[in-house]
Structures are given as C-alpha cells and as structure tokens.
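A, B and C are the chain letters, set down in written order, and residue numbers restart from 1 in every chain.
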Amino acid sequence: MLQATNLTKNYSGHPALTDLNLSVAPGEVYCLLGANGAGKTTTINLFMNFIQPTSGEVMVNGLNAQALETKKYLAYIPENLNLYGNLTGSENLQFFAGLGGAKPDKPASEKLLESVGLQPEAIHKRVAQYSKGMRQKVGIAIAKAKQADNLLLDEPTSGLDPQASNDFARLLRDMKENRVAILMATHDLFRAKESGTHIGIMKAGILVHSLKSDEITLTELENLYLETMKAESHAKTNY
Amino acid sequence: MKTLFHILSFEWKTLWRSSTLKILLLVVIGAGIYGIFFGKFEIDKQQQRIAQVQQYERQQFDSLLVWVKLDTTFEANKEKYQKAVSPTGVGWNKHFTYYLTHDAPPAAGLCLGQRDLFPVYYGFNVTDLARQVNVGELANPMKLLTGNFDLSYVIVFLFPLLVVALFYNLYAGEREGGTLSLLQSQPASLRMILFSKGLLRLLIVWLLATVLFVLGFVLQGVSIGGNIALFFQWLLIIYGYCLLWTLLMGIVVWLRQSAALSAMMGLGVWLVFTLITPALLNLFVLAKEPLPNRAEMIHTVRNLNDQNWEKPRSFVLDKFYPENPQYNPVDTTDFSKWYYASFTLLDKEANALKAQFEEQVKKRNALLKKWEWLAPAALVHERLSQLSDTDRESHLEFVKEVHAYHQELKDLYYARIFKGEQFSSDDLQTLKERL
Amino acid sequence: MLKLIIKKEILTALRDIRLQISGGILIVLMLTAVLVGRQGQRKIGVERTKAQSAMYDKWLNQGNKHPHSAAHYGQFAFKPKPVLSFLDVGLDNYTGISVFLEAHKQNEILFSAAQDSNGMTRFGEMTAALILQVLLPLLIIFLTFNIFSKEREEGTLKLIHAQGLSLRQLFLGKVWGTYLMVLLIFLPIIVLAYLLLDDQSVNLDGGVTMKFLSLTSGYAIYFLVFVLLCVLISAFAKSSGFSLLLLLGLWIVSCIILPKATTNLADKVYPSPSQFEFRKTIKDKVKKGIDGHNPSDVRLASLKQQVLDQYGVSTIEELPVNWSGIAMQAGEEYTDQVYDSEFSKIEEIFKRQNRLSEWAGFVNPYLAVRNLSMALAGTDFEHHIAFARAAENYRRAFVKKMNKDMEVNHKPGVGYGDYNVGMEMWASIEPFSYQLPSTGTILSNQWRSITALVFWLVILFFLANIYAPKISKL
C-alpha cells in the first residue's frame, strides 16, 4: 500500500512536486506519465525516502516512508540499474537481498534469476559483462527475492529492446497477481495502458489527470496526454 | 550484526576481485619488504663497523697481555713491556685506546630513527674525554637528508596513502557507480553499510600492517617472544595510527563529495599532516630558538688547557686535590700527576658547558614536542624510534655510558699513576674484562 | 585562436573554487616560508659571523707564547649561512657548521642542526624549495587532470574542434594557459623573495643575483616540464578519474618514494668506509708511508741528512735553524698529503653517490630540479666540500706560518718556553673568510641536472607535437 497525502517538494524555492495525493493498493499498477521534469522521479524518490518532502506525507503500508523499516516492504528498480561489476549476477542478488535479511542460497538465487529470464550461462558471469537488459533482470530478481508488498519502478523499460520489454511486462503481471502494489514512472503510453491498472499524467509537478486504465482506449490516452502537454493552464480535472 | 557480516563478506569479494586493490597491496607489501631489508642492511652495516672496532680493540689489548710477559732482560723487549705496564703510556700521549660501542637494539632495523646521525662507537683513552668525543661518522649528508626507507617510513608515510586510496570512493564509488539508489532501497541504513565497508578496509590495513610487522621481525631475525612487550607496543601504535587515518578519511567520506574531490581532499589531509605541519613547525622553531653554538665548548677546553700549560702546576693541582681527596697530595710537582689532573679539570669544565647546551636543546625540543600533536606522522615516528631505542635520547644514554666507562678507566689508571705504580698482570686482566 | 584558448583556460581555472582555495593555501605557505625563512637565515647568519669574529678576537688576544703553542691553541672556521639558503635549506641541517683548526690534526666539521633536534627535523623544513618542488606540481595536477577529459565528457571538445581549431593548437593553448597560471603564483613571490635581499647579502655573496636568476629559470623550466607531462597524460587518459589517479601515483613515486630509494641505492652501490677505517688508514699510511715502504723513522732520518747536507754540518746542534720546526712542518705536510689522498677518496665516493641521483634526473625531473636548486642556493654537497677545503687550506697556511717562524727565529739552544711571540704575529694571520663558489662553477657542476631538465622539455614538446593530433575527440 503506497500513499501520498498533500505531498509537496521544493528545491530551493522551486516547486518540483505540488500537493500530490495518490494511493496505490495491493494488486494495482499505477503508471505515472509525463515529460522530463514533470515530477515522476521526484515522487518515486520521495517514496524511497532518497529525498524528504517539504510538506505532506508519504506512507508505505501505513508507515511514514522516513522510517527505515519501510524499506522492508519496498522494492525498487531505477532507470539505470547498476550493480557491482566484479560480482556475478547471482552474487549481486545474494548481496542485495541479504541486506534485506532474506539471503537466498546459491540454488535459490539461480532459480530466481532463471525465473526472471536471465540466461542460465550468464548467472555466474561477472555483471561487468552484462547488457542493460540483463542487469535489469537481476534488479527484478532482487525485487522479487525481497517479497516486498510494494514495487517502485523508475522508467524501467527505457533503453530495453522489445523482447526484454515484453519479458518485463510479463513479470509485472506476475507481481500484480501476487498482490504487490506497483508505482511506475514511464514514458511508454502503450506499456502504461497495457500493464497499468491506473494511469496518472503529470505536468510541472502537478498530477493533472488520474484515471483507471480500463476507462480509456490507447488512442484516447494518447490524445489526452498530448493535449495536457500542450495546455497552458494546469487546472486539475477529473475525467 | 548479521548484516555487518553479510556486508563484510561481499565487500571482501568485490575488493578482492578489483585489480586496483591488488596493485595497491602489492606496492605496499613490496615497499614494506624493501624497507625491512633496507633496515637490516643499515643495521648490519652498523654492526659490522662495531665488530670491526671491537676486534681491533681486542687484538691491541691481547698484544699488551703478551708484552707484559716478555723477558725484559732482552733490550728489544723493554719498550713493549713498558707499553703494557705503564699507565702513562710510552712516548707522547701513547695511551691505549678503548672503544665503547652502541650496539643496535633489537628492533633498530625496523625503525632506524636518529641512529644514522650519530657515531655508533667512540674511541678514547684516559686523557680528557672532552676532546675525544668530537667526532662524527662519515656519512653522505644527502643520504641523511633524504632519510631512511625503513619499515617505520612505510608505515608512517605510505600507510596513510593506502588508507586514502582505500577510502576515497567509499561513498562516491557507490554514487558514481550507480549502485547507491539500489543500496538505499534496502532496509539496511546507508550509515551501517558505509560503516561496514570502512570497517573491512580498516581490517585489511591492520592485517597488512601486522603481516609486514611480523615479516619485519622474522626477516630481520628478531625474536618476537623475546621482545613481546616491544612487539605489542609497536603494534598498538601502528593500529592507532591507521585508525586515526581511517577516522580522518571517515570525515572526508562523510562530506559526500565526488570521488575525484574526495581523493584530492584525502591527499590534502595527508600532505598537511605528514609534510606541511612538521615542515612549518621546524621552520618556526628553528627561526625562534636557534641551536647552541657548540664550538664554544671546544674553545673553553682549549682555553683552559692553554692556561693549564702556561700557569704554574699549582693552578691545576690546587683545584684537583680538594675535589679528588682519594689521591694523596704529596710531591705535587710530579709532572704525571699535574698532567693527568689537568684532564679531569678539562672534562669538568666541558661537562658543565655541555649540560648547559643540552638545556638549551631541551628547551627547543620541548617547544617542538608541545606542538607535536599537530603532526601525527612525526609524533608516531618519534614514538616508534623511542620504542626501538633509536631516537636522540638513546644516543644521549650511550654518551652517558661512555662517560661512566671513561670514569671507570680513569679510576683504575689514576690509582696507579698517583702512586707512581705500574700495572700488574692482574690489573691488565681486570681491564680486559672491562673491554 | 591560441590566445582565446589560453584566456578560457585561465578564466575557468580562476573561477574554480577548489583551485582558488588550493592556490590560496599555496601562496600563504610560500609567503610564510619565504618571510620566516629569511628571518631565520639572517639570524643564523649573523650568529655565525659573530661567532667567527669572536673566535678571531680570542686568537688575537691569546697572549704571548711560542708559535707552536699558538698553532695548538688553534682557530675556528664557521660555515657562513649562504644567502639563498632561505629558499632551499638543502643539506644545511645535516652538515656540520664549524671546525676547530689546530696543529697536526684535520678535525671534522661538527655540530649539525639535525643532531641537536628530535626526530621532527627529519620531516624537512618548510622552504620555498619544498613548496615549489613538491606542492606546486600537485596544484598543476589539480589544474590539468581533467583538462581534456572534462571537455570530452561534456562534449565541448567536439564543439571546439568543429570551430576549426587544430588539436595541436588546443593542446598548446591548454599548456600555456596552465603555465601562465603557475607563473602567476610563482613569479610575484619569487620577486618578493628577491626584494628581501639587502646589501649585506650581496657583500656575503657577490653572485647572488646571478644565482637567483638561474634558480628562477631552473624552476620555470621544471614547471613547464610538469605542465606538459600532466596535460599530455590527461589528454590520453580514459577518464578524469583515471587521469587523476595516474598523475597522483606518478607524483607520489617521483616526489616521495624515488628520491629516498635513489639515495639509498647509491649508498649500496658505492659503499663508504667508516670513520674508524678512514682514520686508521691515515694513521697507518703516515706511519708506514703512503706506499707502505717508507716508514716515518726512515723519512725523518733522510730529511735530517738532507738538512745537515744543505747547511754543511754534521749534527743538529750545529744547525743555524730550528730542526724541530723543520721536522714538524715536514711531518705536517706528509700527513696532509696522506689526508688529502684519503679524503679525496671519500669525497669521490660521496660524489659518485650524488651523481647517481643527478643522472636519475633523466628519469625523474624532480631530482634534477632538487639538485640544481640546492646547488644554486649554496646548500649542496659541493658547497660543503668547498667550505671544508677553504678551512683546511686556512689551517695549513697558519700552521705553516707558525712552524716557519719557529724554524727561523727559535734559535737552537733556546728553551721551548723561552721563545715567545705575540699579538703582532697573531694579527699577521688574516681572519678566515670564504668565498662561495661562483655561479659558473655551480652551473658547470650541475650540468647533468640542467641537461636532464632540458632533455625533459625537448622530449615532451616532441611527444606533444607527434601525439597532439591523435587526441581522441570522443
């Protein structure tokens, strides 16, 4: 369960996020759309407590996100997932998962990595030789190993080839079925419509639209998005 | 605790697989082993010189023991016999030269300290000591200036650099490598993670120091068991010093700057504490408290000597007998008595002046000591040379021994000279045992 | 074009807060070193001059006595503190500062400052030389480590190249821009240091201006070498981080580790004898003759025969001159001869050791500038030897004069205590004074270091010329 109440973040006076109210329940996939600088990453960073809010509140499973404990319930995959280059994929998984207290043993981590689609021969190679898609898969495995109730994704598919992107969507679906609350920032309207249960469109730090994905077709979504980007005023409207 | 071990084990894996660490360790171990052998080489050279001097002294004295048994009915043997038994020597100032050597203490090879600045032996006879200890050792001043590449140098100078190299990207490396956000998304606090990483590095540095230090003992053939207190005191100082640098780098890491800037800051701290502060202290203290003009002492002795010779013999003897009542003041005009009494007076005067100079030096060094804490590298080096007994103080102790030995010899010689007697074979045996 | 690049480099450097801070610290350190150093040097200089004249006074006022007693009474020589030693203290803390000059004996130059200090002295003294040789190169590293990689990482290198500027020009622009920055720090302070010199300094050392200029040029070349080296490395380093690591590593090796290792190696390659061996050899050779077949009693007998023949008499008592005086002077001269040959052997060993580090200047420019700087500041081994020679010559001259007087004026038959001379005789010996070697002598002694610096400069410009066009733009 992810919740933001009247969430505002200013960077030395400049608003990056204004008065955001948002809630993602277990089994929901909330996709945040918006141009660069719209406040998507800021939102995710606030949930991760990488930055602290100027005002308002961020809650994870009913706990304030500033509590270290919430990290137990949060998994996170950034846009550029970097791992320790001189550890293998399996070792990276064991390390990060171990930090959460749930260190999988070798066979378990192998199984986990295979389940996210990493080629078996790559598992014990050093990550320095991995492609971006492979690293991303290890990231997902780390998230899965944690068995967290919430998943935060910051443009996880940018730069992935269509095949990897598709694999990714499948994984998302699995997680959704396991009643994970997912908040994802993305540029990909198609993915958002397909994988998301909810869609939000942000502009200049404000959540302009928030709707359910089955209430709208892909074309309508595209038009809505383009119009929002064009519009001068940021009046909040509910569709 | 579980998390700590978890991080330690994985951090060790990453570090061990990085070639930078291997190169660094190789360089430091290489430097350390070179330092150990260099220290051994230097001490061996000193010990060789000491052995040479001792052997010469024995040889010379053994011939005296042969000469004392010579049959003096043969004309050719007379001079040799006289040389052996006469406490005043034969001919002008032909006394036997005794040597006292400053043997290298066990851990000297690990920290050569100030030993290279001073002679490790003095040769002297029973005349005044004042004019016989004004000698140095032949040394290229360039070598003294650049100093010794011994194990203490490696620890005092290079270990902090190792700490800087291991720590500068403790935080920045995660940030610049892109792993920071993933780390922060875990329920372990970043502080804990950084602390564990730091702890592992400190442990590596400590381990390396221990290995080198034990190697130093083994390769130099110094028994650890026989010097157990010294061993642990050294180790404690080294550990403390490495810890200090770890804490300093901890501050640098805490500032959370880029890797490049952190490296520069680390190097800056190193420069300040190992190069700049000691150099500044030396500059200020040297400008403020100049060193005593020791030529004054030579002048005083020659002046007194001049007076001794120019003035009637009573000038010397009137001062000598009241202070040395053990010698009976009969027949005061005897040349030998006057001659040897005059040396005692020279030494007395010289020692008083020397004590005065030493006071001046002490005052100056106290000033340096007062500010020593500003230069931890110099402080640690000084402590290590103190422990290894290779500092200036150790040389002063040696000089004290020289004075005591000289006094002992004088007591033996003067007892005969002032009675107008010759050495017996027993006397010579006693002297031989004192060698 | 070149001007534009230079201007841009200087502007960006001047606006960088990190460089402002480190440059500022360097300037403050330099000012402290120069001002306090000059004060300390003057104080020590005055003290030594005072001590020298006080001791000469004592010589003059020693009262009437036999000339040989006066030779035993002896004189002192104090090493004058070279004027420029406040810029580079060199070996000054490790060499003795005074020597007692007396009949029959070549005493050592004694009492180095290091012997009277605790271990702190071994960490060096803050002088301009330390700052210029060790710290300023570090500033150059900070100025240059990302001078190319930053432009590459930010993409401005492509932009610049698109403007039609050749890489060679860009390279030179960066080199001269950095070099001007360095001169901006170096020159004002060095000028200030020059202004601190006064008439007294010129009296002490006539060539001081020439030496100062040579010193300044030596450092100017050194900085250019360092700038070229750093810019070249930074141009070909994969990333800023790698270039910084490489340059710092190079700095540590050449400024901290190699100098020590070079000197230690030299000591192993050319081992020197101990004081004991040295003195024993002299004693043996005096006794047995330099070639071992000319013992002292044989020498004395033949000298006696020669003198008797010269005056056509058969016994010493008949000689019109003082035989002891002749014998003493002859003994003195023989000892001197032995001493000279033995001492020059030691000197040669030490010079060879030092020459190794001069040659090492071709590997490590730091060593080249260090040796040159020490020499020009008057604090190197050659200067120490020059002083030792001057003092020994002075000793020989005055002892000879005393012996000669004894030989001629102390008539046979007159008792030792009955022939005395006084103040007039003492005053006929000029006070000890010693002229520092000229700039020409120093520079010719240091030809290896000078060649090494020039070699570095030429080779680096040559490399820059070849490789600058090959700098990667991506």
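As a convention for this text, a contact is a pair of C-beta atoms (placed from the backbone, for glycine too) under 8 Å apart; a residue touches a chain by one contact, two chains touch by 3 or more.
Just so it is clear, the model here is predicted, and its values are computed rather than measured.
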item	value
More contacts between chains, B-C or A-B	B-C
Identity of the chain that, by mean CA position, is farthest from chain A	C
Rounded Å distance, chain A centre to chain C centre (Cα mean)	69
Chain A-chain B separation of Cα centroids, rounded to whole Å	66
Distance between the centres, which are taken as Cα means, of chain C and chain B, whole angstrom	26
Where chain B touches two or more other chains, by residue	none
For the chain C and chain B complex, residues of the former touching the latter	18, 22, 29, 32-33, 36-37, 39-40, 43-44, 47, 51, 55, 58, 62-63, 65, 69, 72-74, 76, 78, 90-91, 93-96, 98, 100, 102, 107-108, 110-127, 130, 134-135, 138, 142, 145-146, 240-241, 244-245, 248, 252, 256-257, 259-264, 266-268, 271-278, 280, 346, 350, 353-354, 357, 381, 384
Contacting residues of chain B [partner chain C, same complex]	31, 34, 38, 41, 45, 49, 52-53, 56, 113-114, 117-119, 121, 123, 134-149, 153, 157-158, 161, 259-261, 263-264, 267-268, 271, 274-276, 278-284, 286-287, 290-295, 298-299, 302-303, 306, 309-310, 361, 364-365, 368-369, 372, 375, 377-378, 381-382, 385, 391-392
For the chain B and chain A complex, residues of the former touching the latter	2-3, 6-7, 10, 13-14, 17-18, 177-179, 181-189, 193
Partner chain B, residues of chain A touching it in the complex	48-50, 68-72, 74-76, 78, 80-87, 91, 94-96, 98-101, 103, 126, 139, 142, 152
